[in-house]
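Here it is: the structure, laid out below.
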Amino acid sequence: MKTVQEIADLVGGTIHGDARVEIHTVGSLNRANSGALAYAEGKYLGDVPTSRASCVLVPSGDFPGRTVIAVDQPRLAFARVAQWLLPTEQPFDGIHPASIVHENAVLGDDVAVGPWTVIETDVQIGSRTTIYPGSYIGRGCRIGTDCVVYPRVVLYPGVGLGDRVVLHAGTVLGADGFGFVFDGERQIKIPQVGHVKVGSDVELGANTCIDRGALDETVVGEGAKIDNLCQIAHNVQVGSHTVISSQTGVAGSSRIGSHALIGGQVGIADYCLIDDHAIVAAQCGVPSRKRVRAGEVYWGTPARPLRQIKRQQAHLGRLPKLAEEVKRLHAEIEELRSKIED
Amino acid sequence: MKTVQEIADLVGGTIHGDARVEIHTVGSLNRANSGALAYAEGKYLGDVPTSRASCVLVPSGDFPGRTVIAVDQPRLAFARVAQWLLPTEQPFDGIHPASIVHENAVLGDDVAVGPWTVIETDVQIGSRTTIYPGSYIGRGCRIGTDCVVYPRVVLYPGVGLGDRVVLHAGTVLGADGFGFVFDGERQIKIPQVGHVKVGSDVELGANTCIDRGALDETVVGEGAKIDNLCQIAHNVQVGSHTVISSQTGVAGSSRIGSHALIGGQVGIADYCLIDDHAIVAAQCGVPSRKRVRAGEVYWGTPARPLRQIKRQQAHLGRLPKLAEEVKRLHAEIEELRSKIED
Amino acid sequence: MKTVQEIADLVGGTIHGDARVEIHTVGSLNRANSGALAYAEGKYLGDVPTSRASCVLVPSGDFPGRTVIAVDQPRLAFARVAQWLLPTEQPFDGIHPASIVHENAVLGDDVAVGPWTVIETDVQIGSRTTIYPGSYIGRGCRIGTDCVVYPRVVLYPGVGLGDRVVLHAGTVLGADGFGFVFDGERQIKIPQVGHVKVGSDVELGANTCIDRGALDETVVGEGAKIDNLCQIAHNVQVGSHTVISSQTGVAGSSRIGSHALIGGQVGIADYCLIDDHAIVAAQCGVPSRKRVRAGEVYWGTPARPLRQIKRQQAHLGRLPKLAEEVKRLHAEIEELRSKIED
């Protein structure tokens, strides 16, 4: 539990109201109860007076009878307070007897390993990392400190994770990349013997798949966030702090820069180059070997700058009118012709 | 095993043929064997005479030498008979010794829990519910009666399921929603501390993901059916009896009404409002904050009424002709000009 | 370990350089180290002189001071050598005591079953097949010889696999197909009591789902390769040696021929017919009951031959010019009119 004063100190905000009020949780503006911190921005500021939250983070302003903290970016401040205030879920300690941990695995202090897990030979796990029930950590994996591996995650051999990595349930890292060569009759598998390397502070959503490199590495950079049910193919590089929304797929050897924003259900074909800070809208399809630049939103299939597409859409929208105009011109020409020939 | 008479009584149909024939299974019209019930509608009625099924549900008509039951909606009647006739698969009873059930979990009568499962503290499971091997039920989950949780399902803490819910293998309920706020350097996680609430008679497909609400709830209404590999993001509401096909994704805070039909690979962006009874075609992309109304099929990206799109497609199709016409008009004008100037 | 001579003999190639050099692994041209075999084609041939690989497969040519093997298709030869040279990963032997294998299951010689697995009644598993930890093999499944079932795979009852099948982590075979019929109030489930049959030499990617047939079978033909996170619905038939990329979905009862190439994120609606050798580009949407023919690439939604789409795109691109031209014609007509009326 923290006081409003302590929270204001953390986020560098200005209190209007009672600095001694105690806060023990967070909530949404319209559903929070007493003891909760909420935040409000834009049109939602009108709901501050009727919120039951004990304190609200706001961009500015006074709300008579309410305790608020004025702060530059309320949503960001709210995220920071929540990380600091809310207890970390840790349902179990130590190495559960119903786990199978290879005798030569090296585990740091306070590592927790749940039941029905397997940790194969030559694995290293850093301090305070938690492996939930049912996960499988293959031979030679390296896992950093303070990671959370939720239930039923699979790490094939040789996967490397940095520190503070979060893997949600059902993610699969290091499965074979999808590479075959046709011999005239059948598909012959190209060896998939590379690795997967995931930087610190990465979070991967449920049932997401990151394939191992064919011969080299598949890399997810530091601080990148990838949503549920995404597919990252062999040899892909995802830059640091890049955000990829749900159900997006990135095909072999494509490189996404840092701080890029990739929407949901995007398809990025193979050998693409997505620049740092690029923005790719949801459901966009980026064709093979295409470069996507920063500075404008890319949209549609094949992916193009949104401005271009809007221009084309405008022309398309005027098409019925254009057709009518052509018809009218035709009539006018006929009229002129008859006048001349008279 | 049932007789044709008993089946006709169940579905309110009229028998043509032998009411005493015994039926012990169901099958497809062209592959069923003796002892099986099949159904036929539309063009498939022509195959009734050669079917080896012992009885066929048909909309009407007499089929000499065959036993049929005439009923209004044969496919619906077939589904009803199958539910009544076929035995429920139940491969195991009781609590398997190789499961870990927290001592304070409350389990109803005839609950079956398979091996290699974990049921955490404060869980309640209703009577006759089956938890297959390898599933993980987090702290404080509430599961109703007569549910089937197939192998390797993960329920994060605090998920609530109604009665008769079916969760197929690999589904993940309650993973963190995908919410981050950029602080100028890195993505800071917005707390994801809400819940997931799933109504009675819901069925969720294999490897589908339903994220927990950020602060409030993600809700799947009674009787909704969601196919494999779908993504339902934080704070989404799916209405009752709505059907969502495979690989569809619904982004944060969107609301889908009841009895809606959502095709496969549809992307619904955040804060959309899909009306009751709305129909969204496969691969459709619904942009952020868009409202989709009932009464017409929505199609394409960005989603629009199919009628509008067809009209535009027609104009597009006439484009080559239009270009030729403009060329001809140009020639005619030149011709007129030369006549005038002569 | 093999010599360059042995490798050249295997692939039928011609050595330029030292036939006695020893090769013990494979690598990429630019990252391979001493002892590795690499390959080069096209523009990458320029990197052969600086590669540290001990031997490079090339289409032809002499590279002074380097040991190369000239062979018709270097990439194919490389795949063949890798399969022959690289040891098969086999992290465990025998039946792990922490597995549950039904007493009447029939296991061939040298079957390996990892911990935390369940093998239900009436299962048959062929010789040398490996079942990794956490997998669930339902009642009556038939698994061939030399298969690899990676961790956390689920086979519902009655799934059949040929020989040398590879199932990556998290795949789900035989979950119920998605079939419901609306009774005016609720969705009634159509029985899903068919099976799944997977041919020999099939490889299925991580978290991919293949549903059981409703009444008949879902079939994946011999040698087909299906990438991660794909959805194959009830009663679908995938032909032999067909390749399906990641996140593609195929709806109920569609039939894909043999040797077809289906890109990533493709949606194939129900009752489609995709011919042998057909090519469907990434993100393509094939509408219900459509036939896709071989000989041209299909593209877009709704799927059409790429040639058609390119033609339409060209017309679209000329639309602004066309609009200007119509405007100009209008002016010219006015000019003529004034001349006439003078």
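Just a few scattered comments:
Which chain is which? They are A, B and C, in the order written, and residues in each are numbered from 1.
One rule holds in what follows: contacts are C-beta pairs under 8 Å (C-beta built on N, C-alpha and C of every residue); 3 or more make two chains touch, one makes a residue touch a chain.
A quick note: this is a predicted structure, and the numbers were derived from the prediction, not measured.
Chain contacts here are complete: no pair of chains fails to touch. Where chain A touches chain C, under half of the residue numbers in use are shared by the two copies, so each contributes mostly different positions. Taking each chain's centre as the mean of its C-alpha atoms, chain A lies 26 Å from chain C.
For chain A, residues that reach two or more other chains under the stated contact definition are 116, 134, 152, 170, 207, 229, 247, 265, 316, 319, 322, 326, 329, 333, 336, 340. Within the complex formed with chain C, the chain A residues making contact are 100, 116, 118, 120-121, 134, 136, 138-139, 152, 154, 156-157, 170, 172, 175-176, 178, 180-183, 185-191, 193, 207, 209, 211, 214-216, 229, 231, 233, 247, 249, 251, 265, 267, 269, 285, 301, 311-312, 315-316, 318-319, 322, 325-326, 329, 332-333, 336, 339-340. By the touch criterion given at the top, residues 25-28, 31-32, 73, 75-76, 78-80, 82-83, 86, 89, 91, 98, 114-116, 132-134, 150-152, 166, 168-170, 201, 203, 205-207, 223, 225, 227-229, 241, 243, 245-247, 264-265, 282-283, 300, 316, 319-320, 322-323, 326, 329-330, 333, 336-337, 340 of chain A touch chain B in their complex.
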